[in-house]
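So, here come the structures, one by one.
In the two complexes below, subunit A is the common chain; its partner is subunit B in one and subunit C in the other.
And then the complex of A and B:
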């Protein structure tokens, strides 16, 4: 009787290799193609598509509008992210205990996150409208006189408007994740801390926070990356204006690529962003201990 | 031998032929196109059209009619205006040949023609005998929106132009006239200059504000206000560039004066006017809250309630001022053509002849006359015959005034700035206007804008752009003859 052939140890790799190859092709090809384009002179309005070397990358360093847009992006991120985190955490604490109508309230609170950001931006544009929007109307009731605030035009109001809209839409995301994290904290530990006389802050600092930290870090990372590529809300609310005052890196990239047709330069911007994010994310992952 | 009776018959035929605009024995351009297109029965041509109301023309009217006459299907690809240029260029660059006929904003033509995306139409015009009817397109559109470098790339197909609409009832009200005279020492009249406009606008706001009426309102969102700046800047004597050096000249004294005046005028317009777009401004005027405004032709029709009973136009605010509207040229007398559309053929089309015949038929005198009267499609009169069409003149009681103002505009209108990579220059202008409403200093804004224009010109190539600018500046509608 012939011996049963020993199964090929590499057979499993052969089985998955077509799928892996396809995924790599689909995933890597655009990346490599755009990297090549970033070293060329490709513009939809020009016929010259010759090799440009580092010209596009050198141009990045002379483009003041690009660095301004990065600054605007960081500004929105550093203001909105902590507020979303703190509000989300506060709401999660509030809903941690069984409240009457908790399920319904949680469902309602989560609604903004399921709306497309462009729709959210357009809706807030209407709400902020000086003439037809209710926000000025409501402020006017409290002020006792009509308030003609131009939320999307006035330089002093435009950032609060954007950040408010952003917080409104994405705080529930933080809330949901943190609620899940808090729900998984071992109650016996917090109760033991209470019995030992620890007040809320000490209990939170030394018991709850370490327990929820990995999940919270992921939430911060996801929201941070989302905020770094913020586009829709700004496009719908201000289109980067007044002037270029609220232009973020995504808005600027879109304008360069799809309005000014600078394909190669846009690819160079994209790789600058990839490089920056790689550095920041790697640092953040190490710092947060997520790589362990 | 010709006797007196024969002579009479010949004279009658000749006079009829003159009246009709073409010899009675000659087939119209529409008939020629239909007959020639019948050989392509069963084919489908694809045309790019502006999404929204505009596309109801080919989907509801011209497409089905063309199918009935020739057996050819028309597939309409609806694209948002802001995306049309990109889609056309993408199709051309990829060589896909997905589109046969195109709607093109004339300011894009130099870029599209230089890239090779548009088919030169002269041979087709000659082959299908369209030249005589092309000559009956109103002068400003015909002379400015058809050719690049002396070759035909598109047929002007939409009489977009800014007009001033004003409340005739207020201007003719003796009480308002008296109050205005007392306040300003001047007789109340529709302003012909921007200096007059400031006096009239501010005066009427003072007099009528208690009744909820402002002297004027404009759309101020940058994409619209950009056209208003382009128009006003030239009416007041400004030049976009120094023709010798190609240095930007928008930051000249005229530019600063216009920018400063534009911002100051917001003070007598409704609060929040800086945010007004097409619809907000339309609502303000139609609800009787402003005495003057400037916009494209549909405002004039809708103010009279024409066509607003159509389902497609149910978003148009109900007019409260029908029968009270007057039409005039904006101050300066040279209104901006502001966008518009031309019909072109894609150079990568696989059905060029069939597509050409469709656009000749669409653009022809017979068919365009019907199309500009469709209440819902935003195609505005652009042929001499449209302004005198008895059917159009009878559409509402003072349609004759509307058409008369449009006819005047078709003779004095100003062409949009049209260079290589025009949108880059316009993007700078849009940002500049946005900064103006935010309160920045006009001179500082315009100096920065001029510097950016110079950078763009440098990047494109000064000599290359200089040639295109020289050709543009030589067009009859580039700068007013002041």
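And then the complex of A and C:
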């Protein structure tokens, strides 16, 4: 014990230093660098590099497109997240009991989560195609006549399309985590509940939910954060269009930084996003009682 | 609710569960089926109205085109970037996790700082990194992306491996020390083998994270180290044969992940749930 508690003095620092060095190199250093840039007037199209003070940060408040993109982000988040959670939970319940072939079925259901988000977006781009895609064809069967819906162009359909894709890809993630969490709940406490509905809700509310809550809240937090920075799926489906209609905060930041080359202003947006996320995460962690 | 009907109820319930399960599998797997199906179709089948539900014959022309044009090389790039960065992230991350788990290096603060690196929105740090990389001349280089992916994976690896290492009984390490192992040998002979399943699970996820990256690759590559995710988006838009290319390239980029996950599946469910618990 003594040997473990009192290691060769620098051993523990040797172990951790490569990791810390790398995190500083691409995590902290560029951040400080861009903090400086955000107080200047750097744009790749001009040579002006003078000190700008808070100009870029003040501009944030007058940028309607920025706030609109934030609104889009929140919109996608508040619709997709609860559906993923509830659907994932229902699916976890479906597969909780032994079911012959369960392993295979679960493996199949998890496929969407392991493919790249950009591939998921590309796949749905093919599925949603107004002429050659199967979605309109299937809807046509039910409608009884051909449906030429322009999923990625029609303002009324583009959000359902994005949210569909998002839910398809990430519900299996929720499902796996919740399945693992449910499997750890003591079955003797809930067995009686399987017989009738009323008791099911009671046992869910008072036994199961408290037991899975810690895992569930972290899953919500992870998905919430991911949804807040949603980029790939939108880039594949709409690239922010039509117009600026589906620009999320990540898409807008990308366009400002890499299409408009507004370096200083992009850096300011980045810090706004980081500040927002820090506030949200801190609030969520407190609210969910994760901080102990 | 009494006697015989109870048994039948149970059977009905099982049938209903299978029906729902099948329905779900169809919904969740169909898009992936469609992607694969398109990749094997002829142009005529791809652009048929109404859609052709399955290719009449399996033909590899769409893939052959990707290899002939050299586009398939981007899958190789993804493979190099993801494997090398996973390798380094696992080594540096595991030893760092060992340091945090056993010696509480840096107190709680260092651990929290490390995990907080993961919460940054990628696009917000992509721009600073881009400026930094332009200055270093690291844009469109293997080293640039490998370092980035390694660093980006580290918080996850450290957080996961810390959990696995804390489960290893301390006595095993002590007896190894008493038997004359030095500290590095303890790591190599006791810690790594004991944390094996954790190492596998973590490595798979680390690999998949890097493999799936699109944003950093989009911003930091040009032509030399373009990844397959970026290549897929190059086919969006114009040309008449873009669909076959999107599908074939997506499938090429999906197969390595399927194989990895299928091979190491038994380690994964625990890995995911641990990941959720530890954040």
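The rule is simple: the second predicted complex is superposed on the first by the 258 of 292 C-alpha atoms of A that agree within 3 Å, B and C clash if a C-alpha of one lies under 4 Å from a C-alpha of the other, contacts with A are read in each partner's own complex, and residues count from 1 in each chain.
Convention: contacts are C-beta pairs under 8 Å (C-beta built on N, C-alpha and C of every residue); 3 or more make two chains touch, one makes a residue touch a chain.
Source: prediction; values computed, not measured.
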{"item": "Partner chain(s) touched by A:131 [first = subunit B, second = subunit C, both, neither]", "value": "both"}
{"item": "Subunit B versus subunit C as contact partner of A:30, first or second or both or neither", "value": "second"}
{"item": "Subunit B versus subunit C as contact partner of A:88, first or second or both or neither", "value": "neither"}
{"item": "Most subunit A residues touched (candidates subunit B, subunit C)", "value": "C"}
{"item": "Contacts of A:242 with subunit B and subunit C, given as first, second, both or neither", "value": "first"}
{"item": "Touched partner set for A:224, first subunit B, second subunit C, both or neither", "value": "neither"}
{"item": "Which superposed partner A:258 touches (first subunit B, second subunit C, both, neither)", "value": "both"}
{"item": "First, second, both or neither for A:18, with subunit B first and subunit C second", "value": "second"}
{"item": "Touched partner set for A:152, first subunit B, second subunit C, both or neither", "value": "first"}
{"item": "Subunit B and subunit C footprints on subunit A, overlapping residues", "value": "131-132, 258"}
{"item": "Parts of subunit C lying in touch with subunit A, wherever the complex brings them together", "value": "14, 17-18, 20-21, 24-25, 27-29, 31-32, 34-35, 38, 46-51, 53, 92-93, 95-96, 98-100, 102-103, 105-106, 110, 114, 117, 119-132, 147-148, 150-152, 154-155, 158, 170, 173-174, 177-178, 183, 208, 211-212, 214-215, 219, 229, 232-233, 236, 243, 246-247, 250, 253-254, 257-258, 261-262, 265, 269-270, 272-273, 276-277, 279"}
{"item": "Contact set on subunit B toward subunit A in their complex", "value": "86, 89-90, 93, 111, 115, 222, 270-272, 274-275, 280, 420-421, 423-424, 427, 431-432, 434-435, 437-440"}
{"item": "Complex contacts: residues of subunit A adjacent to subunit B", "value": "44-45, 47, 129-132, 146, 148, 150, 152-155, 241-245, 255, 258-261"}
{"item": "Complex interface listing, subunit A residues touching subunit C", "value": "1, 3-4, 7-8, 11-13, 15-16, 18-20, 22-23, 25-27, 29-31, 33-34, 37, 91, 94-95, 97, 99, 105, 107-109, 111-112, 114-120, 122-127, 131-134, 137, 140, 168, 171-173, 176-177, 179-181, 214-215, 218-219, 221-222, 225, 228-229, 231-232, 235-236, 239, 249-250, 253-254, 257-258, 263, 266-267, 269-271, 273-274, 277-278, 281"}
